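This structure is in structure tokens; I'll ask about it shortly.
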């Protein structure tokens, strides 16, 4: 679903513009609350590959250990995927360390989102994959977690994520886009971004926000002219 | 798996004694943290029937609404089951109201555990089914939740619950027992309860806890004698 | 705005039914989250009289102390009013004690809602006024609070309350109803309550919830008949 | 330090009146925040015997286990003492169960305060000793705690407690009184209670709180007369 | 009230020195708890212009939307002002984005303090205005908030702020200074800063902190001499 | 106990590798939860010197002020020590400022761990000592704390610390190592680190994690060969 055009549009829109467009469609809980980008300025666009952790139940470990949902999730990552981990916002143990992060990158994964903790954070940072996480804990997941299953619906940082959803991240955080909506969403988010760009320019030129943000009916022709010229100019650049 | 003998043993053991026996086997997270009995003195023994809620995603409602995991879970309850709901410890919306609670009881369910909120709590209380919950909220689940699936593994109040696990509750709270362990667990928990009963009697008679709690090797014969007599006496009662 | 008919309807509807009707109108945040009834089974219907506390700023005490918003709020309570206090969900100090609670009752106030703590809770309980609060703290408000103003818009337990809003409480908690909507809301909430009553009766008679809760188009005539008979019977009672 | 007169005064003053007198002396943190009485209407006056728990460190268990601060604390309780436990407001494990609670009572202890959880709460309730606690957890302390030492200064529910401090509890919660201040504090708190009683009577008679609460200079003679008569009447009762 | 001299003094004192001087005057709650500087090393001095958000009440939107307190607050900002937003420490939605941040800067505002979330944080960072905030959320304020009023007293991050109060920020966080106290406060905070500078120099020279921090009566003449020389030297620099 | 060899091993192992080795020995709570390094990339190895804060009790200040546990702790720091402060995870006041931080460094201390707040954070950062803290607050400790004692067992960020324990920190956080275990722990943690290094190299070369992480019996000889060569090469470097 992530065509070149959609990727281009998403890469030029902020997570804020995307979230606003989702809110406009009545989809309210899409921003991963409380997660932070590991590296400043990082950006990420990919397809969700989910992994679910539940509280450890030592009697279930033999059966679940054989299955090993964590390894299975990592090893089955496809190029362009983002690993999204449900860890119940738990701060008492890690959910992923540097070896698996590096393996994810080798397999073409483009990012990691976890509502729990990273483990061995400095080494994960060195891997260079964009990561959004709640915190860090140097204990292994078995301190509190047990990987249960992958590619199932999950709840991560207050957001429901389905396998195949689109995940976009920037310097603010990350957001989920339902796969079925990504084409129109990418288009409208970019349009939103451009409107904001015009609003900022008007404000920077000394204008009040009245009529300028949001753009009023009266000012819209002015914006359209600006947008047409801008598009032409950008096209000329290429 | 809940034979008459096991039920009898579990009904005479406290949740505290059961939890201790699980800890002794290295199973640490079995008590539903922060949930309270709805009615004072209530007791509950049953088989887990799980229901999973995730954060609402309005775009998924049409598909999930048709499936309606909440109704399916309730209507498929079998006699002797306890409905256990994963609701992410969320306090911002209800997870179950009085109509479904009554239907659950009509179908022979013996209790409800939810790590979220009850809705219409006074009416649910009138139903009379034992309930363990985190709080109350008069909003419907759609304020924050979306029922996703039932009879799948869940995380409830810090505890992983598998369909078919045994759930026991008393005036303190509720605990999960792995189905495979319930026979030995019930036996050992009752034994633990009886040891505590003896310890309490000794302490009430003015003894120090030294050697009495836990029971030392030296005092164990004394306990065994007491236990034998007590068992005989109880048998005579029947 | 609280006519006899509206009062009657509200007194027969649960807070859950009222909240559901508000949700149906797209008004999502009306239930005071995390507040509990002080006495079991209490009920309350009244008009909001608001009081706002802010964090103590010792330099402002001389000016604000002369004004004394707490006393002014209490002494200006009119019959039928509910005192609603914004205290930032703070657990570190009381917001109201027994003398003011008694004065409120003497002036005809019908209840108190505070998202902070009661002080001298046993004595307040003796006053007999319905109270919804977050907790108890025996310190006076000056430990953390400063009364700022009364009869201004406030935020209480996650709900915005305007002076003159209608506040209804039952054994579950309390809810705010916008004054402009109270007539239609009371009617529809009571209708909701009656539908639920029918659903419960059908379920108690052994029916599935399918078609019965919520009431399907097919079953609605049946409900209407039941309702007509019930209304006649009730009228006969009077 | 707890003479008969001081006990009498403390038993007639509320925890709220005591806390107010401590605040007046600039001692701000004396009320155990967030702890609740186990039984409705319970009251407690005693001398603090402290017990400190720290997070479990399995390597330290052999040494600390031999010392066993929990048992030592319980077995060394003297008549009139209140066991006060520091447990870091932790909700993940019990701090005391019914056997030790009963032993405490047998030794003449008059109450228990813990900022952690009770274990086997129903059985502890049967013991009948006044308890103030944060919650309940059926796991043993070893799930998260390790008893370290007793009769040392502790921090409990936001309050520093020294061995020998006076602890008073009522239906609202519990408060610590520095031993050195207990005589004057008991006197002034009772005086405060009597002033409040007069204020309540005036308000119940229909007066405004102005001048009545707190008692103004103008109304004080009236209060003094009432107090003198009340004291005489009470004396006559005896 | 912010004369050139006061600005100079405040710019040379740390927020820590200012807060200490406020504590010394018995004003305890002045530091915005839990808010962080958006950019490392930022500093800010200005006059508070307040804005109050309350929980969204959809029925009130038409009336409040027309008033639009957010736009009114921004558009009425005067040079030298700091916009201070009350958002109930809420992490579930933004309170301000980049267009309004830029408009604020264009109008001469010198900073923003919000106890809620920024929206489109990277773009706000580009604006370059000093910001102190609790977190980031890419959703718009309407997800949870409703702007109610501006230039009214507010509670922000545990601190009461009056319009016209002085707000100072550095790399640690931000603090409020009552306008009436700013002259003496600025003087004393700078003096405090200089004392600390001397203490640090003494410690860096190998001395114990005894007598040096805080400065004892015996060492004060030494400090005074150092201060006189330092002042002379600094004057020579200019 | 910190020989040159042990220091060398610890300096080459990550906090994650150390924590894992502690978990393997059944010691679960050793990582200071929720504390962050003040400066990016900082590292720290030292011996714990503990300091305990309790909630302020104004009546105890005269006695405790004379003792002044804070100054005593700082002034008695020995070269190679890490000051570890118990501050109950409290965010409402500082626990240490720049003058004491500098004095600590002058005395040869190698780091600071506090589960409370730094005060005057920018100035402390300038001192250059590695610090792990929960947050920042510009108020002095007397806003909420009272230094009680030093070189006693403490609970810090969920971890029990004994005077003399070994504290190691890196860019992720800090961990405690029981002094008695430090020799074997340092050896095994470095071994763990080297195994991870090999795993990362294999993964970076395109291998699956299967057999490579953790290292299987089949692959172990390969790792041993690599390790021998690596050790030789490193030795050649020196």
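The chains carry the letters A, B, C, D, E and F, assigned in the order they are written, with residues numbered from 1 in each.
One rule holds for everything that comes next: a residue touches a chain if its C-beta (ideal position, glycine included) is under 8 Å from a C-beta of that chain, and two chains touch if they have at least 3 such contacts.
What you see is a predicted model; the values in this text were computed from it and never measured.
Both chain C and chain D are touched by B.
Between C-D and the choices A-B, E-F or D-F, the pair with more than half the same contact pairs by residue number is E-F.
The centroid of the Cα atoms in chain B and the matching centroid in chain F are 40 Å apart.
If each chain is reduced to the centroid of its CA atoms, chain C and chain E end up 38 Å from each other.
Averaged C-alpha coordinates put the centre of chain A at 32 Å from the centre of chain F. Taken residue by residue, chain C touches two or more other chains at 28, 30, whereas all remaining positions touch fewer. Viewed as a network of touching protein chains, the structure does not reduce to a path, ring, star or complete graph. Working note: touching chain pairs come out as A-B, A-E, A-F, B-C, B-D, C-D, C-E, D-F, E-F.
Of all the residues in chain E, the ones that touch chain C in their complex are 25-30, 54-60, 88, 146, 148-149, 153-155, 158-160, 162, 178, 180-181.
Residue ranges on chain D touching chain C, taken from their complex, read 14-20, 23, 28, 31, 33-34, 36, 41, 170-173, 175, 196, 199-200, 203-204, 206, 208-210, 213.
Against chain C, in their complex, chain B makes its touches with residues 71, 74-75, 91-92, 94, 97-100, 102-103, 106, 118-123, 125, 135-140, 142-143.
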